[in-house]
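The following pair of complexes shares a single chain, chain A, combined with chain B in the former and chain C in the latter.
So, the complex of A and B:
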């Protein structure tokens, strides 16, 4: 038993009870759960998402830190690894695209083990498979849901629906009857993947150790969303026409609550609203964050191009030449070697002006340097 | 800064994706499908089960009927009120609801449901469009 996942589980159960009992017991609360909360959640999602992107775009990248996995572009007869060590914008784009659609860096995940006293590294592929299944299933489910938000329904949405339900399975028993309407594979894959990602955090000890409540909460929430969705479609059966009527009301700004929408639908909608509102403040922001990862989005051309730290303000420097100019006579007096020997007449002339100037300068420099960054802003 | 152009493009793409349903419908409320009952259906008053049940679970009944007829050879369905029906899509359901385009298709099109009933039953001689 672990406090961190118990806390998240309880949070999701409480959310379920709030929405279910709210809709069942409080008359008129359907407006709250069906219209007010979804709109509010969407606003929080969009505003929070953009705010987060702007914050990230303002943060400085002091060093060129692309992580690489191959030969950097160098002499003409050495073959560079263009994608894993991208030296041009196009190569960065390709690398980024592959990272986003195939999770290449996750694929390279390996686990160190001691085997007969020797260290060995093994390919650890299950997280990659689970993550890939999860993300693609989630995307498909999300895309499919456009059928509730558009009229007429765009052709790609219908094609994805048909593809998703191509595998016809029907269970017809006295106690359970599943199969009509057609079973969507994506829903089942999503539920299975989210379960795997959860069990992984429970049973792998070192992953369990680093898992926080904020890791478990989205998993439980998404599990809840997928589960209520599957229940609505195959088991409890809701009036789909009414559900679409409500959804269309939301996206055409003519909100209405049709008569026969089941409570389970409001639970589903409430879970989705919570997920949307929670999104910009959670780890789920990796949706936007992947584009701001300096280890991925920078060119690995550190030997060809100097990366200038944007924090660098123009620093006032006092070079050795200037230092020598200031103290040349004293240096010569003390017998120290100087780069530039003064011509006899000049030295005599300068001697009268010198003494006042030098002591003032160093403190003035330091003050300038400290004050300048704020002035720049 | 140099990067800000990319960020602005990214934000525009994000907004376009998120608001797609709003933009696609352009505020037009899609008409809620209205079902037309034939004279026979009106005269019968009550379907095999209650209207609410039929709205939500008619597909389960059809599936059950097909299974019972094909696997067990039984053709009589007794509803909770004790009334008996012939388990047949063509002869019972489509007898009353002979107007597929104004009855079945309205909701199915609205919710993007494409049942395979019509793979076989579409050429039913009893159907009138």
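So, the complex of A and C:
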């Protein structure tokens, strides 16, 4: 069994036990799990996130190194690919927007197959679909949760709620109790997408090989968050009013622990707190990092507009004068123009020992002739 | 090289099955056929690089300075501050695996550490240990590990199995560019005097003599004279190239590989003919330089500083000669340096003028600041304006496909210019499938200084995806010529073709131009630039000609 995945799973189970048993068994711990930890987690999240962004922005961008994914802008009659080889700020904005909103680069994904000596590349859309489903479902769920932090609930939140719960309601009504409160599609999609992202780490050999504990941990944690959320809503049917009261207390800085909040809610909240606190120190920072990626966020008009390196420094070069000093006699003999005619005695002193390699030899011998590497097999 | 497996053996040995052992517990195997030889101490001395000594990558002891771990740590730290790319790319990878099968070295070797993500993890694991608290706390389970000898050898091994082609960065949802990571990693290795000879000796040569091959000025001129002899024999016209000429309109810089070995030499002959034509017909004044006689820049494969030291010659020579602007020949990584680094490193080029083609009046506004124009941009503009006298029928025996070189593709976006020039000089052109061309193009397998002789197995493996796509158009359309705009390609693709697709030859785009170009006053052209009789070639081409001519 894979140790990395097991350890992550155990970590999340332990987190569950800490919060569940803590709330159940230790009197007064609801304050800890319902107020202290969420506040602390939020502070760590915000401070950590900002700190990480600052660290990135403090690193210099010495060179303009966009990855060009299409035709450059050159001759007037050649059609440039404005988005993948952006030569203006507006085009970079569009490139970034598509990258962030549609995961455009991931959409290129293909899978290589080698069969009977032939290599083929098939469009591999599942990772893209899975990633989109995951992120959009997560975002929708987050947005929906604004209903717990606002009073009255803003119209957009209610609209999203209605939309989210609209589709499945009728279909799922046959099931015993599901469907009564209106099933949110986003929650189910999130759970499914997390499961998919987990399974591909288990079953795709190469992905399994590269996966770290820090790749599994957030998946288990998010699975835990989604799962507890769904349980609360459809199965355990917790007191939503009490939950909202707690949430409102947190955002209005009048924290209080209402009576009827069930333990599973504290588990849910604890998982979210852990995710928040973990976020800035983990790969989840790709959320912020994508905006800083020099291969995507820079203009590709690098020959038209000069990019300045803030730490550019002078380097030692072999000047023309030094070069001519090395080869002046040979240049004169070959009829090549020189800047400085030699003094008689200087001319006699300058002798180059090695003849240049003759043409028509493989380059291997050429480089060798100049420096004679020791090891040759 | 007798150890090189046959193409069949290599294919049948290919497995994409990672071992059951954790990758951190699999030590790097540095073996013949894959590894390149260590850098020559003399070359390091020429450049003033640290730790020059005779060593071998197959030895246990690499003769490192005592405080080598500290040097790496400090170097790592410095680069995290100096390069946002490095810092961000260390932090944000989610290991989704989208890059895994995009790397030609992974496709060709099946070695999981050739997956771009894992190549980067080699450095990231040390980064986590040295620079993140959580990483250090959780240790190996979270992919962190301290730097040690084994790790260093693993770095060296796999950083010289990456050709900095950037294909992975195209597919990465965050644009993480393994080339960037390899560049940083090689910089760090160089701090310890760890390099490969195939890179460091050309760098030393280039520094001193002006070009990678160490061709001295008089020999450089001799070689071009030799081409002029050939051109005279083939066309009856002798070009008269100018060298180091002050006050010329344009300085021409191209990789020295093309004045040195076939088939690049035929491309160099193409340039000579083109410039001769333009001088005769329109009075264009182009000069070559023996000082800036290298377009390529193996400094890119060494360190940013070395790249700058070598690149400085182009502007210095342009300023000394007082030319208006610079024209650059066909080369891959040279154009990455020119397009994305040169102006920043050694500019501003305010002593040059906005490049304008005096014959067509076209202003190359895309090069307004750097003031250096790609030869296919220049030639495409000339052809579009009808300024060249072309007879493509001399290329009728060719069925051509085009290999986009990595750097002009993903570090520039030069796609349609060379294709236009090819289509105007050849009747039969067939592109390879979309997954293997343009921005998705595959490396020749020998880029970034890995075109040595001792790593032939790696080169043939890394070139498999490219060769496989060539084979596809060869089988389907009878393609017999692989065109490219890169001197390393011209040096290495013939080996790759003879290994995987033996009936396909390799050419530069300007060899095709040279063959099609009519020189004023020329004699009857019965031979191509390779001194092959056209009548014979047409005969054999007609035998194989069939129904596959749907595309022009």
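Here is the rule we use: the second predicted complex is superposed on the first by the 303 of 377 C-alpha atoms of A that agree within 3 Å, B and C clash if a C-alpha of one lies under 4 Å from a C-alpha of the other, contacts with A are read in each partner's own complex, and residues count from 1 in each chain.
Throughout what follows, contacts are C-beta pairs under 8 Å (C-beta built on N, C-alpha and C of every residue); 3 or more make two chains touch, one makes a residue touch a chain.
What you see is a predicted model, and the numbers here were worked out from it, not measured in a lab.
*Asks:* Figure out whether A:63 sits in contact with chain B (first) or chain C (second), or with both, or with neither.
*Replies:* second
*Asks:* Report for A:78: first if it touches chain B alone, second if chain C alone, otherwise both or neither.
*Replies:* Only chain C; A:78 stays clear of chain B.
*Asks:* Any idea whether chain B or chain C touches more of chain A?
*Replies:* C
*Asks:* Classify the contacts of A:260 with the two partner chains as first (chain B alone), second (chain C alone), both, or neither.
*Replies:* first
*Asks:* Is A:308 touching the first partner chain B, the second partner chain C, both, or neither of them?
*Replies:* second
*Asks:* So in the superposed three-chain picture, is A:49 touching just chain B, just chain C, both, or none of them (first/second/both/neither)?
*Replies:* In the superposition, A:49 contacts chain B only.
*Asks:* Based on the superposed arrangement, let me know which partner A:249 touches: chain B (first), chain C (second), both, or neither?
*Replies:* A:249: touches chain B, not chain C.
*Asks:* So in the superposed three-chain picture, is A:161 touching just chain B, just chain C, both, or none of them (first/second/both/neither)?
*Replies:* Touch partner of A:161: chain B, not chain C.
*Asks:* Output check: A:239 vs chain B and chain C. Expected answer is one of first, second, both, neither. What do you get?
*Replies:* It touches chain B, and chain C stays clear.
*Asks:* Considering only touches as defined above, state whether A:21 meets chain B (first), chain C (second), both or neither.
*Replies:* A:21: touches no partner chain.
*Asks:* Residues on chain A in contact with chain B in one complex and with chain C in the other?
*Replies:* Looking at chain A, the two contact sets intersect at 57.
*Asks:* How about chain B: which of its residues touch chain A in the complex?
*Replies:* Contact set of chain B toward chain A: 1, 3-4, 7, 10-11, 14-15, 18, 20-22, 24-25, 27-30, 32-33, 52, 55-57, 59-60, 62-64, 67, 107, 110-115.
*Asks:* In the complex, go through chain A and note every residue touching chain C.
*Replies:* On the chain A side, the touching residues are 3-4, 7, 52, 55-75, 77-81, 84-85, 87, 99, 103, 105-106, 108-112, 114, 117-119, 121, 127, 131, 204-215, 281-283, 285-286, 289-290, 292-296, 300-309, 311-312, 315-320, 323-324, 326-327, 330-331, 333-337, 339, 352, 355-357, 359-364, 366-377.
*Asks:* Mind pulling up the chain A residues that touch chain B in the complex?
*Replies:* By the definition above, chain A touches chain B via 42, 45-46, 49-50, 53-54, 57, 146-151, 153-154, 157-158, 161-162, 170, 172, 177, 179-181, 237-241, 244-245, 248-249, 251-254, 258, 260, 288, 291, 310.
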